[in-house]
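Quick heads-up: structures coming right below.
Shared chain: subunit A. Partners: subunit B in the first complex, subunit C in the second.
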Partner chain A sequence: MSSFKEQFEIPGRFRNISFALMAVGIVSVIVGFFMYGSHEPARFWATMLHNSVFFLLITNASMFFICATTLAMGSWQLAFRRVPEAISKCVIPLGIIALIVLLCIVLGDQHHIYHWLDKEHVQHDTILKGKAGFLNPTFFIVWTLLSIGLWIALGHKMRQLSRYLDENPLASVAEGKKYVFKSTIWSALFIVWFALTVASVTPWLWLMSIDAHWYSTMYSWYTFASSFVSGMSLIALFVIFLKNRGYLEVVTEEHLHDLGKFMFAFSIFWCYLWFSQYMLIWYANIPEETIYFKPRVQGAYRAIFFLNLIVNFFTPLLLLMRRSAKRNYTSVAILAVIIIFGHWVDFYQMVFVGPFKEHVDLNLFDFGVAAGFVGLIMFSTGRALAQAPLLAKNDPFFKESVIHHT
Partner chain B sequence: MSVKKFVVGCFDDEAVLFPAVKKVRKAGYKLHDIYTPFPMHGLDHAMGLRDTSLHTAGFIYAITGTTTALGGISWVFTKDWPLNIGGKPHFALPAWIPITFELTVLFSAVGMVLTFCYLCQLAPFLKKHHFHPRATDDQFVMVIECNEKTNEDEVKSFLAQAGAKEINVQNAETGWWLGRYDKDTMPFQVRKEKTAFE
Partner chain C sequence: MGLLRYESQTRNPLVTGHKTYHQVTEDIVRPIEAKPSKLWKIGFTISLFLLSFGAYSVYRDVVYGIGQWNLNKTVGWGWDITNFVWWVGIGHAGTLISAILLLFRQGWRTGVNRAAEAMTIFAVMCAGQFPIFHMGRVWNAFFVLPYPNTRGPLWVNFNSPLLWDVFAISTYFTVSLLFWYCGLLPDLATVRDRAKEKWRKRMYGVLSFGWTGSTKHWQRHESLSLVLAGLSTPLVLSVHTIVSFDFATSVIPGWHTTIFPPYFVAGAIFSGFAMVQTLLLIVRKVLSLEDYITLEHIEVMNKVIVLTGSIVGIAYITELFISWYGQNPYEAAAFRNRWDITTPLAWSYYLMMSCNVLSPQIFWFRKMRRNITVTFFMSIIVNVGMWFERFVIIVTSIYRDYLPSSWSTYYRPTIWEVGFYMGTFGLFFTCFFLFSKFFPVIAIAEIKHILKKSGESYKEGVGGIETQAPEEFAHEQAHAH
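Moving on, here comes the complex of A and B:
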């Protein structure tokens, strides 16, 4: 093992780019705050909400990926397991930023974004009054704190279990079984909490309550699919980056093929949920449900709505279908960027249509803030990668991953 | 169809089989096929087989299904017999997507099963020569094709060195013929005397 490059060193250019992007982000936030902060605060906070929640959820998808594969006794991911581990470490800074943004919106009474914050309005609104037990600041804040806090804590525990093996190799089969059992228990805990948060309650609070009168039972699954497919793309991007720099020698086309399959399959899964939500509402044609799609399909957001479908479904479907496309580093990298951008746009139309129904105002401010988050993810992941050996070589399933063959 | 001569070697260990395949290809003998009791990862690669084109066929069947469904439904509901269903437009695309999806899957599934059977030459009452009955049980059966110039004793000793446990020479029909396994007729045995190298 000594011949492998196990220690990642952050390249100077990578560090410079991440700092430049973060600087762009900070400047954008400051400029945006002075441009919109006083007379149109909803515009500022909607951008912050969109970006912080999107990037938080796609980095958190990495830990979900680790836990799901651990529970399934998967082994193929171990060759690059340190990459999703490092990405999941971004949940700490991004979670804190998202927490601050959400607290500012709720405590700052931004009822242009969350209608249900307006107490007087809720008094005359039968629907919002009925939902008040769920949509109220106390529950929102408690649940948000719990969500982000437990993602960080359980994720930390998972990373710790994996890191522990680096210094303490498993001495016997019995010890290996004990390790597998322990990581199974902790990943099961994470998965249960993930199901209660990302796959159900958290998107209802953070995103669906922007359209407070409307609801959809598909919504959280839809959000989850969106964030998971972008999360897999993010993992693929970092794996390809490390391969290009000459690291991760044991990762081969076979592993890339499986990552590509995830990107391909979950793009289809995303579209399945998108369509299930859309078609039932279209078919039933009940005004209180169609209100959600009216500005999206027939209003100002028409172009974004269809762009969303083309970029997030047809592009990966047609371009990633071939086996050779999933095994090619260039095509997977390009599609990963396209998918992440597409789902960023998807989240944009989830957040922005509620407060701004009349016109689309996607400008440099949004892209600047997004660039800042990209820089933060690059910086944080790069640092986390440099802190730990790149190969989880003492894991009991590691050999299986090295000889992995699809 | 033609009758050819084959040297058949049986292996009982896949750890021996894989290096043997490599040696046979390196020596330049023509591998007819390898019959294994279960699918073996990487064997196709080791034998140098090209990728199957079954998935391309599947894609073509799938888009045939898609166009059949969309073309059929839109013709029926907009031209041939427009009906007002729940006040929806006649061209009600979202409502057709599930049926389009089903037909896509149906066409590709049925088409691929039939294509698979065709590629493997599998059909009722269709017979192919079995080189060794234990290829379906516990033996990996490697079959090497001979031509007029092949020295079969050389091939036999080569296979023995590569680790084959049981080696024999068979004259066999390469293609398929109609017949039943319980009422066995072997057309190639009747024609055997006509072959060039016996």
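Moving on, here comes the complex of A and C:
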């Protein structure tokens, strides 16, 4: 009987790269603050908002994935379940950073980002005045605290449940059923909270209210699709990384194939929501609604608008369609990077067009901050992976995952 | 991998009662070979009666015109389009089960896919009647098909979502029918091979296209199923998306909203599963198929119902919220006509909310999900709720237009409008009764496929694996070949 290679040791190079990237991030934030902080604060805060919210949502997608598969009584994901668990731990540092950024924007009265913060202006703006019951600092802060706080707390509970089995293997099938029931309840709580936050209220507050007059009922589902497909890509990247290092023995190309299917299918799903939102607004042609797409399609952001579609839809559609592409570690890894980058760009246009309609301002500062977040995710996930055994081997469905085949 | 068939004992078996392959065939083919039961005859007669009532209602519509209905100046779409969308929605579960659940490798689909697919086809047939007869001059219905014609410059309007509906629904119907029929082939051959009467042998011989069960046949069958599953997956989404475009591309407050496409799809799956529950609870009882459509199947479908019901719920609340948040007075007025209980049709909004959003929450409880009476009752409630959803969207958005002088007309259907709807029930159940008499209502070949993995007696045999250490198990599997 051979035993699994369950203890992840953070490779020196991995650690160094993560530190280097974080250093780049910190330097970028400092430089950016001095460049823009005083005379163009909106530029600085838009970048911070874009990156902190994007990376928070894509790491939080890991916990959504765990809970959704738990509720569906799935087993295939158990071979690598510790990976999304580790990624979801990033929600703690990233959540705190996003919280700080959002609080700074709201309490620092950054009304170039959120117009509704300008009390004087709101007094003379009938529409924003009407929205004040929702778009006000108090509700914003309370909801943000609740969103991030409960993601962290419920995510922690889910990880704890999984870790509990490491020390206390299930003695019988009956105990297994009890365990499944218990994790179902906590997953359900997370999913319900996720639906009330990511799939509805939170993106309205954090992102949609940048274009304060505009509205779209699809907005939050669209944000969810964007962050979920990137989140799946992030999971695939870490799985491939560990596999390359000789860990996760029970993960085969069958599991990779399914991750690839998720990336493929949800890229299409993202485009479906993109199309539904865009087409309906274009078709009805109501000025209050088309104003959102005006600078995006006909203005300065035209290139980014089409890039968004090409990178996030056509690329995965064409390159991941073949079965062999989804079963190949290299192609899935490359596509995962492309998808994450593509949706980073998608979030960029969600945030930036509001405050900067006239010109596209995307420079090293943005990439530097993004690098910092990537470094932080690497560091935090690496540490979390090293803290727990790499296989959730005592889960009642683990053996199904071992023999999983598509 | 060596051990291809293993499923944890933590899951409940999907075929109960210690079945063998032979027993599976016996149990499922028995109703086809036996004489129809009394219950079947009564049900079939009622369906035929409803169908004739419907046929007469439609006859009145065709002969005397749309004036037989109570559609009025502002309510140009009433029961007809409500019924159309309702039936199309119901027609979603079958293909979802056969295509999307196939991709998600859900073993439980095998117990219910055949009946659900049949239901899909019949529901789409019913749905199609409404727009066709709503045209009034139904003899010109073929005008909707775009082909070079002698009618001069008279062409279909390619910009209209109503035309997209023609394409979407006819494609969906064709692919669903093919998918369903291809799945039937091996089972029809089974019925043929067991047949004793000459006519039966001949009939099923023709129907099964000369299926022999050779490896080559199976191989082609499997590849075809995969291709059709791939084709139907986007179709499941496209049909109701395009139905939602009928409303959402307009500028009518209450109709024009971007969330409509995915929310319509979720609602369609919701109502489709409710109808599957209604039918299968009856079928399993009448044909004694409790071992194949188990409590486990019912429970998972109830989970789908609580999930999709909640998705629909979020969409309702989102719409309601944005009608305020948007600060658009027309949008606010459209929603006021729903939530304000002093308005004439507010009752339908609250009925919809309680049937679709509140009551399915009961299925968070395992006991309720596994309770047959509750499930049956809830499946009806959901179907009622989903009918009212369409009624709310259509009628409450248009019964008070921009001209308050036309508000006074309260829309209620005539007997012939109701009769038409009843008639589609007749059509639906007539088809379903015939289907359950002449075709295997459960996919025999597919049940056999999962029997050695999820069958009760086979599951009992994997106890040894359950106690094995995970390392040892993985090691054995890795070296098994």
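Just so we're on the same page, the second predicted complex is superposed on the first by the 404 of 406 C-alpha atoms of A that agree within 3 Å, B and C clash if a C-alpha of one lies under 4 Å from a C-alpha of the other, contacts with A are read in each partner's own complex, and residues count from 1 in each chain.
Methods note: contacts are C-beta pairs under 8 Å (C-beta built on N, C-alpha and C of every residue); 3 or more make two chains touch, one makes a residue touch a chain.
Worth saying up front: this structure is predicted, and the values here are computed from it rather than measured.
Chemist: Does the superposition put A:V142 against subunit B (first), subunit C (second), both, or neither?
Modeler: Neither subunit B nor subunit C is touched by A:V142.
Chemist: Once chain A of both complexes is superposed, is A:L317 in touch with subunit B (first), subunit C (second), both, or neither?
Modeler: A:L317 contacts neither subunit B nor subunit C.
Chemist: Considering only touches as defined above, state whether A:I100 meets subunit B (first), subunit C (second), both or neither.
Modeler: Neither partner.
Chemist: Which partner does A:H405 contact after superposing on A: first (subunit B), second (subunit C), both, neither?
Modeler: Both: A:H405 reaches subunit B and subunit C.
Chemist: Identify the partner contact of A:S220: answer first if only subunit B is touched, second if only subunit C is, both if each is, neither if none is.
Modeler: Second partner only.
Chemist: One more residue to check, A:A195. First (subunit B), second (subunit C), both or neither?
Modeler: Second partner only.
Chemist: Quick one: is A:Q277 in contact with subunit B, with subunit C, with both, or with neither? Answer first, second, both or neither.
Modeler: In the superposition, A:Q277 contacts subunit C only.
Chemist: Looking at subunit A, does subunit B or subunit C touch a larger number of its residues?
Modeler: C
Chemist: With both complexes superposed on chain A, which partner does A:A20 reach: first (subunit B), second (subunit C), both or neither?
Modeler: A:A20 sits against neither subunit B nor subunit C.
Chemist: Quick check on the output: what are the common subunit A residues between the subunit B footprint and the subunit C footprint?
Modeler: Common to the two interfaces on subunit A: residues 279, 283, 405.
Chemist: Quick one: in the complex, what on subunit A touches subunit C?
Modeler: Contact set of subunit A toward subunit C: 1-4, 71, 73, 75, 126-127, 130-131, 134, 173, 176-177, 180-181, 188, 192, 195, 199-200, 204, 215-221, 249-250, 261, 268, 272-273, 276-277, 279-281, 283-284, 286, 288, 391, 393-394, 396-400, 402-403, 405-406.
Chemist: Can you list the subunit B residues touching subunit A in their complex?
Modeler: 41-42, 51, 55, 59, 86-88, 94-95, 97-98
Chemist: Going by the contact rule set out above, which residues of subunit A touch subunit B in the complex?
Modeler: Checking each residue of subunit A against subunit B gives 275, 278-279, 282-283, 285, 321, 323, 405.
Chemist: Where on subunit C is subunit A touching in the complex?
Modeler: Result: residues 1, 3-4, 6-11, 103, 105, 234, 237, 241, 245, 248-251, 256-262, 303, 310-311, 314-315, 317-319, 322, 325-328, 364, 366, 465-466, 468-475, 477-478 of subunit C touch subunit A.
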